[in-house]
Amino acid sequence: IMEFEESGIGEECGVFGCVAAGEWPTQLEVAQVLTLGLVALQHRGQESAGIVTSDGASTPTYTSHKGMGLVSSAFPPEALLKLRYGNLGICHTRYSTTGFSELQNCQPFVVDTLHGKIAVAHNGELVNSRALRKKVMRHGVGLSTGSDSELITQLLALTPPMEELDTPDWVARIKNLMTETPTSYSLLVMFKDVIYAVRDPYGNRPLSIGRVVPISKLHSTGAGEEDTEGWVVSSESCSFQSIGAKYYREVLPGEIVQISKHGVQSLSVVPRPEGDLPAFCIFEYVYFARPDSIFEGQMVYTVRQRCGRQLAIEAPTDVDVVSTVPESATPAALGYAQQSGLPYMEVLCKNRYVGRTFIQPNTRLRQLGVAKKFGVLTDNFAGKRVVLIDDSIVRGNTISPIIKLLREAGATEVHIRVASPPIKFPCYMGINIPTKEELIANKPQFKDIAGYIGADSVKYLTVEGLVSAVQEGIASVQEKEDNMSSNKVGHCTACLTGKYPVELEW
Amino acid sequence: IMEFEESGIGEECGVFGCVAAGEWPTQLEVAQVLTLGLVALQHRGQESAGIVTSDGASTPTYTSHKGMGLVSSAFPPEALLKLRYGNLGICHTRYSTTGFSELQNCQPFVVDTLHGKIAVAHNGELVNSRALRKKVMRHGVGLSTGSDSELITQLLALTPPMEELDTPDWVARIKNLMTETPTSYSLLVMFKDVIYAVRDPYGNRPLSIGRVVPISKLHSTGAGEEDTEGWVVSSESCSFQSIGAKYYREVLPGEIVQISKHGVQSLSVVPRPEGDLPAFCIFEYVYFARPDSIFEGQMVYTVRQRCGRQLAIEAPTDVDVVSTVPESATPAALGYAQQSGLPYMEVLCKNRYVGRTFIQPNTRLRQLGVAKKFGVLTDNFAGKRVVLIDDSIVRGNTISPIIKLLREAGATEVHIRVASPPIKFPCYMGINIPTKEELIANKPQFKDIAGYIGADSVKYLTVEGLVSAVQEGIASVQEKEDNMSSNKVGHCTACLTGKYPVELEW
Amino acid sequence: IMEFEESGIGEECGVFGCVAAGEWPTQLEVAQVLTLGLVALQHRGQESAGIVTSDGASTPTYTSHKGMGLVSSAFPPEALLKLRYGNLGICHTRYSTTGFSELQNCQPFVVDTLHGKIAVAHNGELVNSRALRKKVMRHGVGLSTGSDSELITQLLALTPPMEELDTPDWVARIKNLMTETPTSYSLLVMFKDVIYAVRDPYGNRPLSIGRVVPISKLHSTGAGEEDTEGWVVSSESCSFQSIGAKYYREVLPGEIVQISKHGVQSLSVVPRPEGDLPAFCIFEYVYFARPDSIFEGQMVYTVRQRCGRQLAIEAPTDVDVVSTVPESATPAALGYAQQSGLPYMEVLCKNRYVGRTFIQPNTRLRQLGVAKKFGVLTDNFAGKRVVLIDDSIVRGNTISPIIKLLREAGATEVHIRVASPPIKFPCYMGINIPTKEELIANKPQFKDIAGYIGADSVKYLTVEGLVSAVQEGIASVQEKEDNMSSNKVGHCTACLTGKYPVELEW
Amino acid sequence: IMEFEESGIGEECGVFGCVAAGEWPTQLEVAQVLTLGLVALQHRGQESAGIVTSDGASTPTYTSHKGMGLVSSAFPPEALLKLRYGNLGICHTRYSTTGFSELQNCQPFVVDTLHGKIAVAHNGELVNSRALRKKVMRHGVGLSTGSDSELITQLLALTPPMEELDTPDWVARIKNLMTETPTSYSLLVMFKDVIYAVRDPYGNRPLSIGRVVPISKLHSTGAGEEDTEGWVVSSESCSFQSIGAKYYREVLPGEIVQISKHGVQSLSVVPRPEGDLPAFCIFEYVYFARPDSIFEGQMVYTVRQRCGRQLAIEAPTDVDVVSTVPESATPAALGYAQQSGLPYMEVLCKNRYVGRTFIQPNTRLRQLGVAKKFGVLTDNFAGKRVVLIDDSIVRGNTISPIIKLLREAGATEVHIRVASPPIKFPCYMGINIPTKEELIANKPQFKDIAGYIGADSVKYLTVEGLVSAVQEGIASVQEKEDNMSSNKVGHCTACLTGKYPVELEW
């Protein structure tokens, strides 16, 4: 269970872009596609949202709107109205790690340069942002926000040489940027009529491309290239279906891809230092991504199910019922049940309306805690022994009241199995993790975690088990598909092992 | 699938009340309990919400707040602040059937009478409201809203004789009201320091009582009567857990129960006409209620699971995978899987953030329809035959695009099994059902429903199957518990059969 | 100075109605006329506003909107949109005397009766409302608000006999109402296609009728009866100009006037008890009304100027400059200057943006008080002796810091002359006056009021002086106009003299 | 009459700053002083408002809040709460000339530089902003807004040499800036614990300094230097009184003044090119400034009154009554009356509630135009000849309906006298003036302006008359005060004469 409000673990953001294909203006309503794309990525950030569209003219008109909160409240009808004339655009949804949650920090960031306006949307966190900020400011640039996105934008603006040409060489500038900062970033850079989609050399954050097809041909398998209505690029492929696009491919680690109305073109792949493996964040699989997203050729749901199976092998239990903490742990629970042969039953149901009710603190209701979020399906487990599968335990304060609820309702035993290893280290690459001291795995009580949270037993998936459950699927994909086989496989497990993909320069 | 926005089927409302026990003021924060109670009943109405609290003094001070929308937006912090001095209170959440969605129509309704203020919260719909309105107006009363709640309140105010006594006989007045209108209503009437909880003689709408216990004793089984911190009364028992209360009992059909700080007392049971059975709405089991609520001694989730088992017996399929349209059909799907021995797999995941985004109509995105609400878990069913369990099909326009999604993603066959019979008739007792013409079961296409919605086959649960799945559990409960055995068993199946529990006076 | 926020003196409300003339629908946009009418009466109440329109059909559709705050915030564009199909309507702006400032209490009040819906807007306060409430409730009517408007509406609904006829006799009912309660009320009652405009027998609150003329003929004097586009009725005639109407006549004390598309018709004049004079509120002249309104044939501005002249006669000063506390006292100050022959100069200018800034209390800025509202025009009075004319002094805490400001800026003497007598008694007829204890005139310090507020001298207009300044103009009007000469002249001076026009039944 | 909505003439903005004196934290609540300061300058910009405070520490914490609309809506209580820990701060209120009215463009602008954050608030408009933008961007700086304030901030940040010292030489940088751009700007630059107050060498925009004194000593003349609680700096001195400060002195053209807790210190005076006179905007006197502000030693009200006297000399009339278009023309009207010996009377009263009511266009009510804003005081002028004094006529479409109103109400003649010369040229220094084509003075109809607007005669003040009315007072001040006598006198009359103080580089 890693509900945002309980554990404080959160993704920083999601990025999304869209370019209408063919002659402009086309029938594809870019502003609507962008909005739906944002909604589909809302799980990656609920704090603010922003869209910038361009008409793609040689002297382009950019239109932007940003707002606090969910997309639904940040984008009232009048905002969509003013964005509607775009032929391409990029957008961003944000979950702040820094505590500065002001409209000013919202992305995409737009600046006017000698060559015209550029817009940048960024998912990730620059490991050397302090040094970069100083460098930029020493050049005489004032930075108006603390966001990496503004920093990237100004770096792109000032990269020497300051050519005063008709067509500035943005690709050279992006490459230059990539030599300044190794990770982590998935970037969308919009300039006039082009979106550059960029993934850092370690591929730490995801980025996928999709092809928009006519609705009429969506449900037929034979929609050919000639039917392309536009291109989308997104942190996660789950957003493609919701706007009627088909999965096309991932942006590769280090790759710069140009997306325009003329199609998708790979411009360059910036290499990692000799010997370094890719370092795609393994927690995207474990927790952050939506289960229907595809990374490295495999569906996230399937990986989670495989984690559950692996967990059943590593940490079996003698119980009557396997169940889940809804909803994120359900694939792992079903995997555990399948592997173990134990019956799967639901023991908790969620009250989907429990959100921000303005109950004052210091009351009995606060003591009830998580109880008000879950209904207990007593008859399914009263008098039985239960193993509850969770996807991760961060602070340990959420699972504890759930165990109490189950016992009170008649469970004779409650065992906890966690489908990921304990989190022990901070992330400096875009994930908001509590301080080391707050992590249950670093507390003295972790020695007797079962006693601490009130379970009959607690066991975690091993790091090796997790890595093999993740990489097993990639191997089978690579056998099938040639074009990915050249890519080495590797994942960032820093928060579990303390081994960071690059040296930290803080 | 009966998503509100798609099908237009909706409960009218939920009622909730709370009385702090012992000497007043107690530690129990009534306004907070009421708010949490409303949130737990939010699935019964999202249009508006209202709370009225009383300090319970002999010349009582009533405080009220009403607001449009979800509880979370209708009750900002300052609203809770002004309500906090209550020792008892009632509240209401509303889903309008009439189209008048103005603050003025929000319940609870409060009026000043010769004897002081009374407050009324009502779930249900008076079958003879037109005649009653005329009767009241002929007496010279102007009605300021079209709500049944105001009508009931004025009926209670004017019931003769207009005794000018210190203590008016509200029980006599409530009985009088019950002779004027047979059904349907579950009522809470607050007067000074007492809440009267009333259920119509047919017991058409639910109403349950719970006991608030100290948090410290919540998880111990030994909390005795002497530990009672207060009483709550609610449309559904699912709300009890979320505020730290334990299920006590249902209000019986026709019963008037008095709830005060001195406890719970049954004052009277008004009988039905000779020969009439109770008529508890069977759709509360099928769709409306939360799965963790208890009616007639049985958990709703269990009844739904039993419906799924019965459906597997009545309408088996030769497929590879059993699945569900999340989330409401999941218990039936699991029941179907258990009975049939077929494997249960998830094929769809919900995007919980898709709500009210202000996308203009007439676009490709609208054509996408339901696709933007569900992610498809392709790997779980590609190349397989799927049976999808749904809880009901009202208009038939929601299931159709889902079937397309599954086929497009590789399902070789898609069969639909519906865990309830076809809805054919309107409800006049509190449920918002589309007009007869809009119901798929009354359309010519129903003859070839499979072809119409694009499924390989479609089958429904029979009315007999549903009734037996519901009543089977009650029988077993009645064997165990003496106090309910005197109650005859009966359910309203009017929307399925056209047999209404009382003659309709429209 | 009687700024609302400082002194707490305030009018209760303003009423306004409009009927489009000729065949319906006409070109006259009734909803817009009503809104502008409300804005023109905004000085009579800023707490809430409401409009009810009717299409005037035999089975009429009423549309209503109410909102808190100024008309501009209470009536957003979508509210005006929903009201636009009205052929007639009434509206109301409110300043609460009771402290219940909830939307529920907003007028107009609409109720459904045996004969259809009626809507009522009321300016005034029923002197016997307690007894009337009890009477209504004894009949079995529950009252949902504490407003006199609801009470009046229910009285009209229940008035026996409860004829079940096609056309109920509303005039008989209104007359009946007028026998139940002597004062104070100016009422608009809308039923289907008619507005009844009613003034209580004492004429305590104002009510005037205007004729809407085509814009093209507005500035020509020759617009005849045949050019009438509609009729308006308003608490004050100042609203007529802002919607392009011409003053027609006042509703007389005790008169019931019917306004419909067929024109204006006097139906009845209910007499006062033998010997009683009319009792039009004299404070409408002194302070409440807008200076461009006409009462009893004379312009309010002129009466105020006459008060200033009278004050110069009664209380001359030996100073260099006459000035005003802007803006309400300016006519009196100019009158004083004209009569005395002293030069008139501005010494203060208002900061029109000082309104509701959310400065927390207990600060130096609060101590500054009125200073932040006024700029001082030093050069106009530095080194001079000033007499400052104020229209009334209620609590005495507003004028005091102004005097300090002037002295600090160099005034050598500051004398205060008040163009009305001291307020000493509460009003029970619709004006919100501080409690007796709070009135400066009832405090011990009043003996040395000059010392208390820091002035060199303070003098008030006498009651006789005020009455003569008011009535002098009426006399000259009556000489000219025959139709008013039958009316006796009389004014309510209760707040100054304690002589109430009717016996108080509290 | 130059109502914003009618004529489109508007000031761009107002700036205000405050530093608490003595040891920090002091009792002086800087955030509240800033807010009140903004309110007092609200007439200079109603579109947005922003405040930035600093705790003044060596590593300072800056807190900022910006909002759209009036100060009262842009600064809700929670905004003031978050600002309350400041020991100094600057703020800004804005009226956009560019059409970009987004939060992002709001001032003050804050950027992080190598030496820490600086905040800038700017009133004026850089005549060479295009060239400066290009220069900054060529250096590699991306500009995120179109505002001059960001441009100034980045210019200050990049000014070479990029000394990496503990204490950067901001004064050198400000001087550098002043060599880059001659006019027009009044600037506040906050860095850590200091505010630099800067006025361009031409002194085109105003800037004054005030001294905050204890409330207890405010009304005594003897508050000495030792009683200083803080310092304020403001576009207009009218703001001083509203926060309890005393006028101290003006910032001189070209002067850089440092304001800190240690007091006020003049650091430098940057000279104009040889032979150039100062060019303080003469329209600050005519229209923009509040009448109680002091510029160049004289009160604005007095200057306006003098314009009225001069107008009476230049353009006398043979009428019965002198009156004003309230409120801004009143001082001129009183001056005209005094000089001419004619009686002054009010003929119009303003409805202060007419603001943004959401009436749809294309209706009779729109035709009514200005009529709904003014009430007519008929009795004061019916049957008489009136001369109406206006402060300026820009488009001529506002005065015309007023003349109609007066004639309709009985004025036998209506003459117009305008207390300023016709506006004929655009302003590039911070004032929003309609395009040349829209100005009535440039239209063919201007030849017969009286006929065009429906007046009996129209006359304007001459440029010479205006200049002499303005400068006459300065001369008398300079005689008295030595410290100003060194200053040459000169005013910008570009909008009247087309003679701009510097060459325009557009």
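Read from first to last, the chains carry the letters A, B, C and D; within each, the first residue is number 1.
By definition in this document, contacts are C-beta pairs under 8 Å (C-beta built on N, C-alpha and C of every residue); 3 or more make two chains touch, one makes a residue touch a chain.
Small disclaimer: the values here were computed from a predicted structure and weren't measured.
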Farthest chain relative to chain A (centres taken as mean CA coordinates): C
Rounded Å distance between chain B and chain C, as computed from the means of their C-alpha atoms: 50
Geometric centre distance via CA averages, chain D-chain B, whole Å: 62
Distance from the mean Cα position of chain C to that of chain A, given in whole angstrom: 62
Euclidean distance of C-alpha centroids - chain C vs chain D, Å: 37
Chain D: positions in contact with at least two other chains: none
Chains touching one another, given as label pairs in label order: A-B, A-D, B-C, C-D
Residues of chain D defined as touching chain C within the complex: 27-29, 32-33, 35-36, 39-40, 42-43, 70-72, 75-77, 79-80, 215, 218-219, 221, 238, 241-244, 290-292, 298-299, 301-302, 330-331, 334, 344-346, 349, 351-360, 363-365, 367-368, 371-373, 375-380, 404-405, 407-408
Parts of chain D lying in touch with chain A, wherever the complex brings them together: 103-104, 109-114, 118, 133-134, 137-144, 146, 150, 153-154, 156-160, 162, 164
